[in-house]
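Should a chain be cited, it is by its letter among A, B, C and D, assigned in written order, with residues numbered from 1 in that chain.
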């Protein structure tokens, strides 16, 4: 039993941190620009595919830097020529733009790299076991992923809290117009933030690609969970997104690990229920992928500003 | 009206470019309704490529009863409702042979739609040729005269898997892991039933279901398999669910055999790679050794031309249809169906018989394991499935509960 | 003389900042009561408190003897108190007539009906036509409210406030930003509105205040420092010193 | 539009559409075409019910397919009940004809919206979008769990040739189902149009424009949003009921995020601000989704590109464009505007051809075959510079015409 708990915690943390890396970019974009970026997961996929393509020539680590830069460039172009043009028609138009953009990016990747998953894997030496627990070894790569995620959180936190750019971003969150009046070029700030958000998604792609397999459907499969992290975490709150992604990662992993059905739980509490009925036979494992959305609905009903946010979406 | 406009536009441009089609005997056309675009096209496109490749070869041998075989792809994006729209389009185009394989939900929709169509249109009936939807009920309680299945269903394959496990004394604990939908549950129930009959001493140490196509990280399941002390795993997973499962198993050093139905889905071998060697076992109607030189040569030709591997089951299906058409001396569905019933045919994989009682093809089955540096690697890699056991057709056969209503 | 509106020790603070520091005010039935005061005195917050947009921190507001403080704006409206907005707050895409008719549905309790066309709610349509004529926007009847010139939008704002046949009406700077001719038209309209109703107006234009108000209250730093007839207020030393200073007309 | 129109003018659109619906079966043959027309009818009702929320009520939903799907499941289970009741011929279901199943769909959809809607309607905007997204994903995942209700992956199937037959119309072929779809699409469109004319309809526009002011004229916005949410859920369920009868099978996909995305796509491409916008959108998107994949492998990419083009260059959608032309025609200055608009349209066509050429050539390179080229009988060789030159020429011409028509339009206004 201990083994399950230890491993579930480790796996839950890893999955949570990966979710955080992916959604941290969206926290900035969604909270600051109010843009419900449906294409965020697509930039995550682009990050993985660019890392795969570059990795063949320049190796894993250079690709780790180059791929996010490439995607940031793409993000800047998308904001400059697409999003900015649609901005004045309001948030619904921006959302529709990103909705169409996700379609186009997913299909373009499918067009260029074909429909078979590409074999994008971490370099050999990273796959060796870092340590072995209860006879199961835990690869270095997973350790590296966690480290990068935590580093990313600290760096982002520092940037937002301590630097001038960070201050400008936080100010623009609530008083965008005023930041403009203070002489900051808000459109360029928006472009920078959007590109930076896409770069963060790409970085998550570079790291997550080998773990979660790189194939054209990876963005669609992940898609909505990203919004759950941002909304549950709270608008504009990086710390909130961090807690929310860990919470979702751990809850989902533990629900899978504890192979218990609703019937068993009810019986444990004293109800005499047939544990294999259609409703009672449902196991926590099958509820696991629903948990983020159950959390989303509950948070929006009872605490709309999320765990740490000050603003209601 | 709308269709006509598109057609007019296309045809006029054809004439414009001066390419006139050579006049031939009126072709016999087969419709493939499968996912051809979007992320799931990885399971639809190989079948289309194989069908076109085999049709070219069969047309050189005179086609089906003298008519050139033509394959037309209809994209259903693996969605049952879209499949019905495409079915109607195919029937509208005058096509009377419908081929499908991916998704038991699509198969179920097509089966009930085709039954109703034939009932409502006695003069232009349609045949449903199923090469991969292996839901047992299609050739049992829901069997239909208009449905022919060219792949062994879940129970037939499980019968062989459990035989192989039963013969191996050091298998004591079996772990079952499947996708949480009708197919996954069928595999799990079938495994438990058969293992209880053949080896009551074997303990089922795990029977887990995970949502279809939604799990991103299989490590929790792998740690469960590890802690259960299982020495063999049976899974019906396909697509991402098999890729991630095996990758996770290798990463965590879980060195037990994984007996799979769909270890050879296109993309799996590329994704899994060396992690699958000596770990992934496959129960299927053929293997990757390509001992028969003619088939080996076709594998190389097909991969070079279309980028997909040889799909033996789909090739055998079209060859049997040609044989049935030639024997019936007609391409009219009812006549072909009657000759197809009970037809015996020697394909690369061995002696095949289309059982008349339930239209379920009886075939030898092979258990194979993924090996490295094979003579003909799959998907351009050096890996392929090496045969380790063969089960004759009569070993693999199972009785049926089908009570088929035959047309007058 | 029964009081239409009684306000006892009303207080409101946003976090540490205390904006309304204990307002006491009596508005007689049928009178036009003006509330004046320098910018930032808390006039708009006061209006928001009375109309239910904000819940007061403490204190009581009574409309015809019934307590309405802390009630939701729609409940207060149903009890007969309506208010207009300093910044025009109309339904941009709907036509002028539609804006007015929406404000009339409540009276004939027809807002939630979906089984008959809006045109068939006789009372609401008649009332809307009436107010349309009253505010002089008949020829702009079908143009979208969002596209109206400024003065017309202010007139529509007043129209929507009185359409609901409330007997106590709060007007928040009705003549702000208007030219002289537009102001005189507005004064005429407000006089018409005042017949048979109790009116409370927040206004900066002293001309308008002294033209219309029966009584005036002066709000300075969240407190009423004086209430009385226009004459009394003009000569009240405290008001002069705190607000009017020398330039009193 | 409360302007005084003569009664005939008010009825004209409905008479014309009735006429069109009667004429279509004479012009069209082949069940394939009819099944696409039936799908268009279903999508029109679905897209319009979505626009009751977004275009009319200002509520952006990502879970509208839940009510479409639940309506479909309600209707298919009703169809099975009719089939079972047919044996002994007693009971309510024995006398309930299959044609009225969309009403069962409406009731199921409305009931589901009633049960779920209240906490959702507290706020519109992003909060509403997110909570409906959560609902959509929850119900879609839940649909895998209750086999008796949702029938798991394989869904629930039935036979529509059961129960009492009216007017001798046996729903055998898609051609017969056409009359069923035509009846319901006309009724549903009229009902949704009539809804916009009712007090609740006008107030739903008011809540879209300015929810805050609504409180001060006596209506809490939440109540209005809730009622509109129920009505939209009902009409989505009606569309679901039509789908259940048309396909005789309902699967969990009809509840999923992709179907909700389809509703958003149709309404946005068609135009949110105009009542008939989603109708135009439904027709275009349905045709593209069904027919385009016959002619090219990149059909999904084209749907995405059309969507992007509409959102960026025609924010008021195709319906908005049509409305502009209609207004100009009514004002009489259509002739003045026409060259500018035609120029713009020509530019779009040229750029589109260039884009299609590029995509198909890239397809030729990466996938080694290209359906569109085969269908058109052209054999463009992707490596020859001539072909790429042609594509570049198309783009250049397109942008040139675009600039010219833009200058012309600016000169006019």
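Keep this in mind: contacts are C-beta pairs under 8 Å (C-beta built on N, C-alpha and C of every residue); 3 or more make two chains touch, one makes a residue touch a chain.
Since this is a predicted model, take the numbers as computed values, not measurements.
The chains other than subunit D, grouped by which ones touch each other, come out as A, B | C. In terms of Cα centroid distance from the overall Cα mean, chain D ranks first. In this assembly, the C-alpha centroid of subunit A lies 31 Å from the C-alpha centroid of subunit D. Mean C-alpha position of subunit B lies 35 Å from that of subunit D.
Taking each chain's centre as the mean of its C-alpha atoms, subunit B lies 75 Å from subunit C. Chain centres here are Cα means. That of subunit A falls 49 Å from that of subunit C.
Under the contact definition stated at the top, the residues of subunit D that touch 2 or more other chains are 141, 144, 147, 298, 300, 367. Looking at subunit B, one finds that residues 38, 180, 211, 214 touch two or more other chains.
Residue positions of subunit C touching 2 or more other chains: there are none. Applying the touch criterion to all chain pairs gives A-B, A-D, B-D, C-D. Across the interface of their complex, subunit B is touched by residues 3-4, 7-8, 11, 14-15, 106, 110, 115-119, 121, 127, 129, 132, 134-139, 211-213, 215-217, 220-222, 253, 256-257, 259, 283, 285-286, 288-289 of subunit A. Every residue of subunit D that touches subunit B in the complex is listed here, in rising order: 24, 27-28, 30-36, 39, 141, 144, 147, 152-155, 157, 159, 161, 172-174, 243, 247-249, 251, 253-254, 287, 290-291, 293-295, 297-300, 367-368, 375-378. Residues of subunit C that touch subunit D in their complex: 51-52, 72-74, 77-78, 82-83, 85, 89-95, 97-98, 101-103, 105-106, 110-119, 121, 124, 142, 160, 163-164. Partner subunit A is touched in their complex by these residues of subunit D: 54, 60, 119, 122-123, 125-127, 129-131, 133-135, 137-138, 141-142, 144-148, 257, 261, 264-265, 268, 272, 298, 300-301, 303-305, 307-308, 311-312, 315, 359, 362-363, 366-367.
By the touch rule above, subunit B contacts subunit A in their complex via residues 38-42, 45, 180, 206, 208-211, 213-217, 219-224, 226-227, 240, 243-244, 247, 251-254, 266-267, 270-271, 273, 379.
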